[in-house]
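Two complexes follow with subunit A in common, the first pairing it with subunit B and the second with subunit C.
The block that comes next holds the complex of A and B.
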């Protein structure tokens, strides 16, 4: 296991860890990764990954129109809205 | 002894109590409770229409399967017009505009929601201590240290505590790695996790989508069967929802077993357990052996890898699922100068420590350079774990294990995450394999605290699973609070 770059990981997760907590999370992450490292000892060269345990659940439904998720419903929980849009700070100059 | 759903329905039918009086009785008790098992309680006015309609159906002699029954709902199910927080700060202002599939089915069958049960934040925890709304207290006390407040288990800790203290008749929980069965065990009640794909995940706040499954926490196995009848349905809105034919799970639940049953006990699960835990298994064996049940030793080859597999896969899926909380579309927004600042501030301030930790683990095991070594390897080991169960089920009908390695512990006692994760050692393998499991209370520890046993069944064999659990329940005759 290589050293964990907590700044990079938190950037990937879109989190800005307070400076004083970086070490706490880095150590915690290190312990847990070390703990799960025992999986590396298992030979899985002949094993396929398992994504869905039941592996047989694709159902096809009729292509019918349902009314759901009206604009007002979707926007009703928005922290800020402007007309029919979510409002965010300016993204492009 | 608490009344079962059938008994309550009889009282309603015989006019010994009205639906409104029943609701009042539970609400008053819930309001005066000090366990913090509800994030939100619904006053009678919120439910008055449903109460009246339910009463009318009783008067007309055609009550629905769960008519008038006051239920708690884990605060992870979206409930239309009722605040749904996942016990997180980031969703503390969220009111869904739609009803989850499972809770809609419960409403369709006449039940009435008394409130939303506290749980671990985003269902991540085994003690209900990670909730933004504070820990839940187990209604049970250690008889040797009665002043200690104990955890109810988690993540459906509020659900378990509420059912155990009698502030709702039953509660809907969710189970990702043990979150129904473990708190049920620590609170002395019944908890059922159905086969993955049985009950739709649509409208449940997602934690780990390949593992999450809804199920009931109840006072009896029969109550669990009645609730399963309502919620176990195919749903096109959940692509992992199975379209197999469902049975009636309560009919014949107490029938005599007409064929010989073989139950495997994994010897590797019992290596280092305490005498208290071991005696739960021994007592169950003694109780069932006279009912045409044979017990055999079985041995898993993958147990030592189950927790590692789980703590790679579940955080990886959580890390993806929780990417949606960005402070833009719903939930709490923390301001920032740029769009990126809003994302960063909202997420950093909105998530608690355990959720942050799991997002970080997930981001790490999915990141470039580590994906194959951790995430992909864990998915492969998951198949080996599933195959291991299938090998054992070729020879036995059920597997019997303790539900938890310990009794309820003191709030604040387990601060180290890995020792907390080990609480789920007996429930996680079942979850990874997607198999159904039920925990029933089996006895008391030397400290006077409830302990549970878990029966694991084969895929979609909930009917048989409930039958064997009902038989064990009858024989063990556990007396709740």
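The block that comes next holds the complex of A and C.
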């Protein structure tokens, strides 16, 4: 099993991890992965991947417009709004 | 900089599909609305909201599949591409990854008269993200989610392109085809069609280098500039002993330079997995075949037809087929008259397009006036009026100032094509010209032009020049 990069995982999960807890969580994750790895005992080389348990196809709709929510509905949970925009801490790539 | 370097380019083109509603929600798919006007709880990523597939998007993908010579897959799967960004409220983009709807297509591009086949690896459906505006406030970003969920078809070429010209030619062919089959409005300025350029350099014929990806180029000019700049940049780095790092670059449209995006301490890890909210797409062959009839005639087929069946010059045929509405107008005119298509084509790309440009019109606005136009062209091609008179009348006809035949009468522009009358004029013109006549008979062709001019002048410019020529020759050869 490959080693766990706990810093990277906490970054991807957007979770702040105190430095002293890093080892604890890394070990916990390792245990979980070890347990899940039991699945590798089964030979799946001849098995097609399954993307859904039903045999059905995606539900479809017609290309029609239905305006179900107003700007105010959509912005009602925004932590902050400026005119009709969501206002968020600066993010620049 | 030594010149034994070559570039290897692949393009990822994002085409917004011109549906009425979004990919997975019924919000309007519309550019230029007020901020957050076209957003519902699905688009804004509210918990518990479920996406429902807009079948028109599937149909447009199939149509593109036929037009770009793709394998159209009956089975495709929507997956979640996970990343955090405020203009992506779900926290993931719904896209297709392992099982895209289209695989292994190609188009032929024209590069200075040479045909080159560009292979296309895949095309898949996905959602667009919203827009972040960073320049209103120094501390905050403003988010407009109108674009969230807009249907995109991402078309990924193989790295078969080897110059900026080829990349631009590929992009413009793609744009032309997508507009012909009516799946994308092709408006690059509004971002309906945009490209990411993957570029690496290598010694000619050598091993592939490390590539950089230049994001979001929304004009042909920027594609060309970005490629030319990035090509030089990569060569400079290598020739000064450095190494190219695989990077995502931004193109600064004001300086014409590329620069690496800042956040690269971690490479992206999108953790794709099948979206449990959406069942796989299982198309029947019947559903696919049904779309085939709606593909219509593609630009290349039209071009071939205009050149081979209608005898139109290649360059003129190209101008006409650039946009579908040109071709529609042209074919409508052909169907309404017995004037030769070649003759119509020359007028179309000449005076008619000039009129459209001058008056800022849509080509399609002339579809209502084809009868008047072809009536006028008939007068010219039948020599009732001169070419010059035709050009003079055209704007009046297009401005709706009356029927061509009425305008001709009103302005007295009809040519004198009565041979009897012309013969009289010619005979008078030849009186006292014994010297010039013998010059002509001695082999000086230039004298003929002098006589034609003299006769035309005598008719006040209304004499039919072809007829004057003919009669003159008969007289002079006696």
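Quick note on the criterion: the second predicted complex is superposed on the first by the 89 of 93 C-alpha atoms of A that agree within 3 Å, B and C clash if a C-alpha of one lies under 4 Å from a C-alpha of the other, contacts with A are read in each partner's own complex, and residues count from 1 in each chain.
FYI, a contact is a pair of C-beta atoms (placed from the backbone, for glycine too) under 8 Å apart; a residue touches a chain by one contact, two chains touch by 3 or more.
The structure presented is a predicted model; accordingly, all values stated were derived computationally and were not measured.
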Contact-wise, after the overlay, does A:83 reach subunit B, subunit C, both or neither (first, second, both, neither)? second
Report for A:4: first if it touches subunit B alone, second if subunit C alone, otherwise both or neither. first
Applying the document's definition of touch, where does A:52 land relative to subunit B and subunit C: first, second, both, or neither? both
Could you look at A:17 and tell me whether it touches subunit B, subunit C, both or neither (first, second, both, neither)? first
Subunit B versus subunit C as contact partner of A:36, first or second or both or neither: first
Would you check which partner chain A:27 touches, where first means subunit B only, second means subunit C only, and both and neither mean what they say? neither
On subunit A, which partner touches more residues: subunit B or subunit C? B
Kindly list the residues of subunit A that each of subunit B and subunit C touches, one partner per complex. 8, 12, 14, 51-52, 54, 56-59, 61, 68-69, 73-74, 77, 80, 86, 88-89, 91
Give every residue of subunit A touching subunit C within the complex, in rising order. 8, 11-12, 14, 51-52, 54, 56-69, 71, 73-75, 77, 80, 82-93
Spell out the part of subunit C that touches subunit A in their complex, as residue ranges. 19-21, 26-28, 34-41, 44, 46, 52-58, 77-78, 84-86, 99, 132-134, 136-145, 250, 261-263, 266, 269, 271, 274, 276, 278-283
Please give the residue numbers of subunit A that touch subunit B in the complex, ascending. 4, 6, 8-10, 12-18, 25, 28-29, 31-33, 35-40, 42, 44, 47-54, 56-59, 61, 68-69, 73-74, 76-80, 86, 88-89, 91
Which positions of subunit B touch subunit A when the two form their complex? 93-95, 97-98, 195-197, 210, 234, 236, 239-243, 304-305, 308-309, 311-312, 319, 323, 326-333, 336-339, 341-345, 347-348, 351, 356-357, 359-365, 367, 373-374, 376-384, 386, 417-418, 432-434, 459
